[in-house]
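Heads up, the thing below is written out as C-alpha cells.
Letters A, B and C name the chains as they come in the text, with residue numbers starting at 1 for each one.
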C-alpha cells in the first residue's frame, strides 16, 4: 500500500517534470557556462565579465562587426594635425541608469580613475600618453597627448574604458552599482546562478526591442546544448567547438559562428635553455603542422593564423616562416643548434581553459616527438596556470590569448621591452622595439600596414612563439530570436537589437 | 565447527560459487589485459596518432575505432586497464590497511582513546572527499601517484568506521569475554577473534571500494584531476568520449563498458569470496 | 543518555577545530592566489602597489597564523567572513545554497531506500532465487555506472527524445514553486539515488544473510517461529547496523554536495559553491563551507551512533564514561 503511494508520487513528479516549461514573454533567456567575475568595468579582464558588462556600460567609441571604430557615447572625434590632441564631441541627452546626465565631467573623471595606478585598471597601459584632459563645455572633451598615439582611438573601444558616473567614482561605488549608460540595466546578480537585466527605455540607440535578458549559468556546455534542444532557453554562448559543431545542421537551433580575433598559440620562452637558441625555436616551428593541431583539437573549426588575426592586418600564411611543415629543415636546425639528440620540453596547459588546450598540447607532443623533442604536458588548474604564466615560470605554454582591433594594442604588452607582459613573452629584440615604436606614431594606413607586415615576418622567423590558429566565436539561438549580429570580438552588444517572436 | 572429513580449499570453493567464478574470470581477464597493455603488447603503440584515420568507427584495422587524434581505442583501453586497476588496487590497499587498523584498534580499546581517534577520523571524514582530493592533487600536482594517495586518504575513514561498527558489537560477546578471562593479550584477541568476525563486512567493503575507486578516478578525470594526458585511463577515456558521444559513440561506449565490467568483476568476486570465507554463511539453508 | 549527548556535543569542538586548522592551512598550500585567480592572464603583471592594496583589501597581508585567529574570532561570533568572489557574507551564501543540497540528499536517500531496502531483504530471504538474481543485477548496474554518465544520458534522453529539460539553470526553491522544484530535483536525485540504492541493497542483503545464518535465528527457526516474525523481529533489526552505517556515510557524503551532479544538472548546491571557491582561491568561502560541511558530518555521526544503540541493545552508550 505504502509502496503504491510512493510509486504514485514518483509518477506524478516525472509527469510534472515532463510538462513543457519553455521560456515565455518578451524576456530573452540566455545561458552560458562561466559567470562574470565582478562588476567594475575598468578592472575586469575575464571574457565572461565583458559579456555582461558590455550590455550595461558603454565606451566613447566602439567597434562594428568588421572591427571599424564607430561612434558610441562620442558622436565624432578628431585628431589634431600634429597628432598631439584628440577631441571628442559627446552625444547629448544620454543618461546613466540612475538618471544622471552623461557629460564631459564624467569622461574626465573616468579617465582619471583609469589612469590612477591604485585602481588597477586593466587597460591603463594603453592610455599612458594621455597627459591631460580638457572639458571646454559639457559635450566636448579634448585629450592632450604627450606623444603622437595612433592606436589610442581603437584602444578606447573597450569595456575597460567604459564611462562611469563621476558621482559613483567620488563615492567609491563603481565596483558595486553597475550604473552605466548601456541598453540594459542590471536588476539582480546572483553569482554562479542568474543575472537579470531589464531594457533601458532611455537608451540613445535603436533598441532594445526586448523587455530584458535573463542570463543563467549552466556550467556544463553539454547541458546548455540540451537546454537549447529542449527549447527552454533562447540563446546561448558556447566555447567548446566539440559541443558547438553538434548544432551544425540542426533544424531547430541556429548556430552563429564568426572567426575570432583571439588566437591559439604555443608560447616558447626564449629566456630559458635551450629555447634561447634561435635554431631550436625555428625547428619547433617547422616541425608543427598547424592545420593538424587545428583539425585534431578543434575538429578543423578555425583557420591557421600568423601573429595578426584581424582581417585588415592578417598576412597570407604562406608568406610566413615555416608555415609548411618541413621535418628535414627542422632536423637540420636541431643539428645546427647541437641538439640532434633532442631534449625534454615542459609545456603547461590550463585544464579546460580553453577546452581545446589539452588536445592542442597532445597534438604538439606527438608532432615534436618526430624531431626528438620529448614534450611533457603539465595540465594545471586555471588559477595555478595563470599564476605561473604571469610569473613567466614555464618553458612553453599552450595559450588562448585575446586579440585587439589594433596590432599595436594587441602586441605592445608582449613585444616591447617595456611591455607589462614582456617577461611572459620572454623575448626581446631591437627590431621589435623599433617596429612597435614606429607602428604607434605612423598615421599613414599604408605605411602602417607595411610596418606590421614586417613585424609578423620578423616574429615568425624569430619564433619566440608558434602561432597556431584562430577559432570561431560561437553563439546559438532558437529561431524565435531574430536580428542578432555576432562580432569577431564575441561581443554581445548585438542583443540590443534583437527581437523575439514566439 | 562441523567435523567434516577435510573441507575443500577456499579456492576450490570459490570456483564452485557462481558469482565467485564469474568475478574471478572477469578480474583475471582484466589483470591479463592490463599486464599485456603495461608490457606494450598492444596492436598499436598507445599514444601513436594516426591523424588521417581520426574518429573512425570500429573496423578491421582498428577493432574499437579511433579517437580525436586517430589513436587506436583498443590499445588505449588495454593500457587504460593497467592504469585504472593500478590506481584502484593501490588506493584501496592503502585505505583498507590504514582504515581497518585504525577502526579495529580504536573500537576494541574503546574509551577515551576510541573517542580521540574517531574524532581525528571525523576531521578527515568530515571534509568533502573532493575538497581533500583537490587539495592533495593541487599541492602535489596531478598524476597517477597523487590520485592513489588522494583516493586512499579519502577512503581510510570509511574503512575505519565500517570495521569499528562490528567490533563494537562483537567485543561485548561472550566468547571475547571468555578470551579476556583466559588472559589472552589484546593483540591476540584482536587478530584471532575480533578481526575475523569483522571480515564479512570488510570484504564487502573492499569489493565496493575497488569499484568506487574506479568510479572516483573517473569522477576526478571528469574534473580534469585524474590520470594525465596522453596516458589513458578508463576514466579519462570516458570523460573525453562523453564530449564526442554524439559524433563518435564508440568513444564513450567502450570505456563505459570497460568500467562497468571492471566494477562488475570486483563485485562478483567480492560476493563469491564473502560466501566462501564467512563460516556462518555455510549453514544457511536456501 | 543525556550525559552521553552532552559529552559528544563537547567532543564536536575539537573535531571542528581540527577541521578548521586543516582546511585553513591546506587551502593555503595550494599554489595560486585569489587575486591572480580573479584577474586572469589579460590583466598582466600587477605593480607592487596594486598588489599590496588588493592584499590589504582582502586581509591577505597579515601572517597566516594571525589570519587564522582573526577568522576563528569571527566564526565564534557567527561571522564566517566575506567571500572575495561574491562580495557577500559566507554564511548567507551557505544558507542560500544549503537547502538545495539538503533536498537533493534527502530525495536521493529516499529513492535509494525505496529501491534498496525491499530488494535487499527479499533477496536475502529468497537467497539465490530469481528475485535475488534480479536484485543483485540491478545493484551491480547501479554500482557500475559512473553517475556523471547516467546523468549525462538522462539529460540527452530528456532533451533529444522528449524535448524537455526541467532545469535549464533556472532552479526554483521549494517554497516558491514546489511542483517545479521537485520536477527539477527528481532526475538528479534519481541519478544519485540509483547508485546509492546499490550499496543499500547489497549491505542489507549481506547483513541479513549473516544474521540469518547466526545461531539465535536458527534457534528461533528451530522453535518454529514463523519466518515473517523471524525476519521482522530478529533478523532485520540486527541487520540494520551496517545499513545505518552506510546510510550515515552516504548522507554525509551527499550533504557535502555532489559536485558533478550539480554541475551537470546546473543545481546551485553546496558542492558547486565549494568547488568554484577552491578554483577561485576564495579562502574565506572554502573555509566557511568546509567548516559547515564538517559540522553536518559530526551531527550525522552522532545520530548514526545513537541509531546503533537503538537498533542493537548490546551497544549501550553512557556506561563507558
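In the analysis below, contacts are C-beta pairs under 8 Å (C-beta built on N, C-alpha and C of every residue); 3 or more make two chains touch, one makes a residue touch a chain.
Nothing here was measured: the structure is a model prediction, and the numbers come from that model.
Q: Could you compare the number of C-beta pairs in contact for A-B with that for A-C and name the larger?
A: Greater number of contacting C-beta pairs: A-C.
Q: If you take the mean of the Cα atoms for each chain, which one ends up farthest from chain A?
A: For chain A, the chain whose C-alpha mean is farthest off is B.
Q: Measuring from CA centroids, which chain ends up nearest the centre of the complete protein set?
A: C
Q: I'd like the Å distance between the centres of chain B and chain C, where a centre is the mean of that chain's Cα atoms.
A: 21
Q: In whole angstrom, how far does the Cα centroid of chain A sit from the Cα centroid of chain B?
A: Inter-chain centre distance comes to 44 Å.
Q: Can you check how far apart chain A and chain C are, centre to centre, with Cα atoms defining each centre and the answer in Å?
A: That pair's centroid distance is 38 Å.
Q: What are the residues of chain C that contact at least two other chains?
A: Within chain C, residues 30-31, 152, 156 contact more than one other chain.
Q: For chain A, what residues touch not just one other chain but two or more?
A: 222, 381, 384
Q: Of all the residues in chain B, which ones touch at least 2 other chains?
A: Answer for chain B, listing residues that touch two or more other chains: 138, 242, 246.
Q: Can you list the residues on chain B that touch chain A in the complex?
A: Touching chain A: residues 47-49, 51, 54, 68-70, 138, 141-142, 224-225, 228-230, 242-244, 246-247 of chain B.
Q: Quick check on the complex: what are the chain C residues that touch chain A?
A: Answer in residue numbers: 30-33, 36-47, 49-50, 53-54, 85-87, 114, 118, 152, 155-156, 158-160, 162-166, 168-171, 179-180, 182-184, 186-187, 263-266, 268, 272-273, 276, 279-281.
Q: Taking the complex as given, what residues does chain A use to touch chain C?
A: 3, 6, 10, 13-14, 16-21, 29, 31, 37-38, 43, 45-46, 117-118, 120, 122, 125, 176, 191-194, 214, 216-220, 222-223, 225-227, 229-233, 381-384, 386-390, 399, 401-402, 413, 420-421, 423-424
Q: Taking the complex as given, what residues does chain A use to touch chain B?
A: It is residues 222, 240, 242-243, 245-246, 292, 295-297, 299, 351-352, 358-359, 361-363, 365-366, 377-379, 381, 384 of chain A that touch chain B.
Q: So in the complex, which bits of chain C are touching chain B?
A: It is residues 11, 14-15, 18-19, 22-23, 26-27, 29-31, 127-128, 136, 140-141, 143-149, 152, 156, 199, 202-203, 206-207, 209-210, 212-214, 218, 241-242, 245, 249, 252-253, 256-257, 259-260, 271, 274-275, 278, 286, 290, 293-294, 297-298, 301, 308, 312, 314-315, 320 of chain C that touch chain B.
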